[in-house]
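Same chain, two partners: subunit A is paired with subunit B first, then with subunit C.
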Partner chain A sequence: MLHLPVLAVVISLLGAYLIPLIYHFRRNLASVVAVGISGLALCFSAATAVYVSRYGAFSYLLGMWSIPWGIEVYVDRMSAFMMLVISSITFLVMLYAMEDVRHELTEAPRKWYWTLNLLLLASMMGVVMAGDLFNLFVFVEISSIAACGTISVKGDRRAVEATFRYLVLSTLGSGALLLSIALLYMVTGNLNMTYISGEIQKAAFLYPKNLYAALTFMVVGFGVKSALFPLHSWLPDAHSAAPAPSSAVLSGLVVKIYIFALFQVLSRVFGPVIAGIPVETVVLLMATMAVVLGSVLAMGQKELKRMLAYSTVAQVGYVFMGLALGADRAVAGGMMHILTHALMKSSLFLAAGSVLYKTGKKNITDLAGLGPRMPVTMGVFSLAAASMIGVPLLGGFVSKWYLALGATDAGKSFYALIIIVSSFLTALYFLPPVISAFFGKQPDDSVGKGIDEAPAVMLVPMVILSIALLGVGLFPSLVLGLLGYRG
Partner chain B sequence: MISQDIVFSWLPVLAVIVPLVGTLVIYMVEYRSWRLRNALSVVTAAITLIVVLDMYPAIRAGKIIEANFPRIIPPLGMSFRVDPLGFLLAVTTAFIWLMVTLYSLEYMSHEHHKNRYYPFLILTLSGCLGVVLTGDLFSLFVFFELMSLTAFVLVIHEETPEAMRAGFKYLVMTIVGSLALFFAIVVTYELAGTLKFSPNGFFFDTSLLSFLGFLGYIVGFGVKAGMVPLHVWLPDAHPVAPSPASALLSGLMIKTGAYGLLRVIYNVYGADLIQAMGWYNILIWAAAITIFLGSAVAIVQDDIKRRLAYSSIGQMGYILLGMGLFTQSALVGDIFHIFSHAFMKSTLFLCAGAIIYKTGLRKIKDLAGIGKKMPITMGAFTTAAMAMIGIPPLNGFISKWNLSLGALQAGKPFFVFLLLVSSLMNMIYYAPIIITAFMSGDHINDDHAEHETDKKRRLFGEVPPAMLIPMVILALGCLVFDLFPENLPLYLATLSARLLFR
Partner chain C sequence: MGIIDILYDNFHYLVACLLFLIGFHTMLTHSNLIKKIMGMNIMDTAVFLLFISSGFVRGGKAPIVGPGTEGPYVNPIPSALILTGIVIAVSITAFALSLIVTLYKQYGTLDADKIAELRTKER
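On to the complex of A and B.
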């Protein structure tokens, strides 16, 4: 029994409510406390990860109430890994936000920003460790609301519109989830995942249609929230309209939490009956569309952050693909891609944010000639872009390597080819900004004058993300070992 | 049977690390002193050459050098393995690189962005050496990527719209190639469970997947090697780069594609499998088309550097052909041609660079009479061009002789005919340059009294010795490595051919 994972959630939740209070008395302290709390959550997650990799998965009963009544928290290697990814990226992004929000947000909503971020952190960690469907749903809802909050906090018309769209679609997703959970409860009489899974074989025999419906609603619900291809329409607006740090968290983490939750539910709840149902085929089809069409759509974008957002649509497809292929190496690749994409996409969004911070420009063409003026920012951007394309020695290569191997393991080399095609498309839209940043010139010379590097508080998190990306690329066994995968 | 003792040595690692460290040091000092930057570039290239040469005793003794680092990027690991083939190419690479760096000092002195040029020049050396010194496909791929991506900076050095377009084309084709390689390596790893080169190949699988993997290798390495129809980037990218960089691109980097294919055919799939399945047919017919088209298109090029670039495509065709014939002498000719073409083409590009440096002229018809004003430059050019055509006392002759012999032994006389036709075409496009340069008088254009070109022609004159010496050494190399009785490259080529194919 280890209290740490639960404590990580609890302190983040508490912190979320304390922040406005602190802000009331000491304005400058609020952001420091918020970052401190996320740092503490990171420490707890790291300790949990060490514990789990040493002693294996464990379940924790809140307040020692036994299972049907109490709340069960279940932490295995995968969820410990997810906690670590979530808390570390959030910590770095919040560090970056300390300076960025001063510039990007107006005075009034700033105090809520930290609250929303901590809420998001708590709920994301809650989702990955939830042991029963009810808590899963609660945390999914909190994270959806908090995510909407971190977008609309910017307050301009575009952000509010995007939030509204996100909110509507996300609520539809939540409705589908709720229906699914209700159907499962109806046929099995339980909400705890382990208990349902014990009952589900009988239920599948007695009420197959209910179960099919529940499964469909589950896939659609999480599909909408994680922007699986035809259900992605909210994402580009939402992720590009948000303030840069929020975009980094939303694109880097939030969408993947739902993917993880979906596959947790599929394996832990539907595990015994899933074999006969072609869920994987459907998900693979959608993932293929996402991977190819997401990249195609990204190519047409003029605005940098919108391009990055469409790229997320494509990259989400990789994660879905890896987890749906089911072969060991494919799952390792998918999980690995959750981490590497979180690192890459958050560096990219943070770099885009610091360009915005310094120049106020947001189109891709505005990057021309910025390389020599903002070498660190554009260096981080280029490294992450190279990793996106899959240049070896960087994290993105490792996840693609395992995804492609896993696809051939599963006897579906077709998907390895899809990954190749999509990497090529990725190269087509990531290369021009990188090239023009370092070798291009501004049409008007006066534009770039006086632009220099972003402040250190913003640079440090970006550089750490880049180093992590390189570290994962050079020593992937560290991550794979945490996931319990060897080979 | 040649003994294959394996010895451990840090030398191959060092050969890769020295330029990497050199790059860092150059990058750090270059804003303080340009003299130090130039000196360090030359010193780094020289030390690298010495490190590579240090491997010679072990290679001569018939040993194979290995160094494995399985803990980096497990489960693949980095590994280095130097056999005669790798050694021959590494020495060639390091030597020509040193010559080109020396040449660059003067050539680049009037250019812009020198602080970007030198670090990337040395960094590319690291990638290029890494390709030929590594012992498994994954490490090769890593260095292949490093080389390809850093070479982009050399290609677009001028930053003209033309260069940027060529550079983008280069980058896109490079990525197509590397993704094809990625796929092929994944397939190999999936089917064989390992990626380490071994004599006669390490897996036997005739499935469709295996074939797709082989195609992936052909595309991946073919892009770099300028194989038709994947050559589209080459005639744009090689000429727009500064001349020393063109020499490296056309002389050395293009060869890494051929080297990779050699490894894939003989050390990954194994000659038996490729022969049994007839997959080599793809390669030799692509090579035939490459030879023919490369040479034919070179004839109609007006720009001297573009003509040289197309000539490279044609010559790469020889190399691709040689590895698909599966006879001992074809392979000897093949490997020796990798070596000799490196010398010939870098000499030619350096000479073209000398002309451009002095006059800015690139059109062949404007070069009338230049041989009288720049006799040494054009002398070196003529030597290399003759070697290219395959005239006996020059090294190009040995490779063509062996290649033709190999084609005959393989029972494919058509390719001998093709080689002859191609030599004829080489003659057609090199001879006019030499003839205009030496024979035609330096008469001023009659129609326009004082034409712009004529003004430039007044500037003809020999380039400074700092540029002449590397050119002359390389041109002499074309001669020496045919005439001398103790022909080390040929010995190494024979040895590697025996190791690769028995």
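On to the complex of A and C.
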């Protein structure tokens, strides 16, 4: 048995509660320790990914209690991949946050910021490796509260209001989730995913209505939390009001782990009976609306971070689309889009954050003429924007390419068309800020005086994200190999 | 077995459904923030009731097994799980109430509609 995946969660949880203590004695040490812990979690995840790609999926029994009595942690290629994505992005964003929170947060909530971030890291990794439904639920709840905390920590009224709405809707989602788990437990008598799926065929014959209800509540519960299109109304405010590093983690990772959890539950629990229920059709319809209307809504935004948040609504649609299409290459594309979107969106939010750090301006028009003054920041922004549109050789192109191929494989070429149309729409709202940053001019020349590049500790993570984005675009086979696909 | 008997036997599920609807309705339609949180708690309680009652065995005893005790026992797993569920609900409620306090200090009202109005003016 390999202890590393569980240890990654445990050290993050322990670290989360040690940070306030460390902060009390050594103020400057707290952030370093927090970043160090997330770096350690990254090492553990990387080792797990190597182990899984060499020896295959494994399950870990906590306290050596055998299933179905004990708690099982199950790590396959996909969960290992998700762990790696989660821990690496969190590590880079926390590195960036070391400098940024000094500027963006007031003194009092700053020590809690690291606690919240580490809690979020631990719970996200817990969600992707949970082997039974109730643990999944508990980790989902921890991540919801921690995610809300990373928004409201900013303390201004806009952030608090957005957090409240996020909290209410995500509690609605978790109510639905718990109801679904209760219904599943009632008809199958188990909480372990493997055991439920062993019982589910009998249950589908005896109590089909319970199963339909459980499935519906499951999709709605995770749908609200991952902002699937008609249920997205909380996302733009929450993600744009948060401090920049939190926005990067929220948009890049948090919404995606719920999609992944839903996918896991649908394939591992409902697997044997799902063929007779048109759940993919519903999800595909919602994903299509997300992809098109999310982009349309993003066009109307004046504020940069709000535009990025609406673009997340659209990109979540791609991931849902890939996983719902079901063909091998579509699923690979969907999983890959989780990675590439995490890279793109976090670098975009971090770039927006460093513009805010240096200029204090947050509208799209304020970017005019910033290109030459902040070349690295705007370079990162432009690269990520290009990848978002789907320019070849960048990560975003590869994942969209696989999504489109997968749509054709599944015999639903219509969705390939949707992907092309949406890429065009994406270009319409991502090109103007890039063009105006490099070729535009501020109306008043004195405005941009004295603005230069952000500090190195903020630039380094952004540059690493961009390099990773290029790397994924140039060598997609590495990522596909990690996921276990050939070709 | 008539419909009355079925309803009587599954009375707790019926109550759970009713509570869920009441909570859901309160949470989404009332504009008072405190009432929203109340609705949220009623909804959570409904789910807890449903889960707990699924483990109930008529005439069952508490599952403390020692020498000389014999069944039937009530299923303890739902109760244990719901204990965790209650802890989660309490922490969410506490967090939400603290947010409400901050909102009241900064906007001077507890009405979600008025807050939304003030917010759109700011933008």
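Just so it is clear, the second predicted complex is superposed on the first by the 487 of 487 C-alpha atoms of A that agree within 3 Å, B and C clash if a C-alpha of one lies under 4 Å from a C-alpha of the other, contacts with A are read in each partner's own complex, and residues count from 1 in each chain.
Here is the rule we go by: contacts are C-beta pairs under 8 Å (C-beta built on N, C-alpha and C of every residue); 3 or more make two chains touch, one makes a residue touch a chain.
For clarity, every value in this text was computed on a predicted model and none was experimentally measured.
Enquirer: State whether A:R157 touches subunit B only (first), subunit C only (second), both chains, or neither.
Expert: The second partner, subunit C, only.
Enquirer: Where does A:E141 make contact in the superposed view: on subunit B (first), on subunit C (second), on both, or on neither?
Expert: In the superposed model, A:E141 contacts subunit C only, not subunit B.
Enquirer: Of the two partner chains, subunit B (first) and subunit C (second), which one does A:Y51 touch, if any: first, second, both, or neither?
Expert: Touch status of A:Y51: no partner.
Enquirer: May I ask you to decide whether A:P476 touches subunit B, subunit C, both, or neither, giving the answer as first, second, both or neither?
Expert: In the superposed model, A:P476 contacts subunit B only, not subunit C.
Enquirer: In the superposed arrangement, does A:Y195 touch subunit B (first), subunit C (second), both or neither?
Expert: neither
Enquirer: Determine, under the contact definition given at the top, whether A:L172 touches first (subunit B), second (subunit C), both, or neither.
Expert: Only subunit C; A:L172 stays clear of subunit B.
Enquirer: By the touch definition at the top of the document, which applies to A:Y212: first (subunit B), second (subunit C), both, or neither?
Expert: neither
Enquirer: Which subunit A residues qualify as touching subunit C in the complex?
Expert: 134, 138, 141, 144-145, 148-149, 152, 155, 157-158, 160-161, 163-164, 167-168, 171-172, 174-175, 178-179, 181-182, 185-186, 191
Enquirer: How about subunit B: which of its residues touch subunit A in the complex?
Expert: For this pair, the touching residues of subunit B are 72-75, 138, 141-142, 145, 149, 156, 159, 164, 167-168, 171-172, 175-176, 179-180, 182-183, 186-187, 189-190, 209, 212.
Enquirer: Applying the document's contact rule, which stretches of subunit C touch subunit A when the two form their complex?
Expert: Checking each residue of subunit C against subunit A gives 20, 24, 27, 33, 36, 40, 43-44, 47, 50-51, 54, 77-78, 81, 84-85, 88, 91-92, 95-96, 99-100, 102-103, 106-107, 115, 119, 122.
Enquirer: Which residues, counting only subunit A, touch subunit B once they are in their complex?
Expert: Of all residues in subunit A, those touching subunit B are 386, 389-393, 398, 400-401, 404-405, 408-409, 413, 416-417, 420, 423-424, 427-428, 431-432, 435, 439-440, 473-477, 487.
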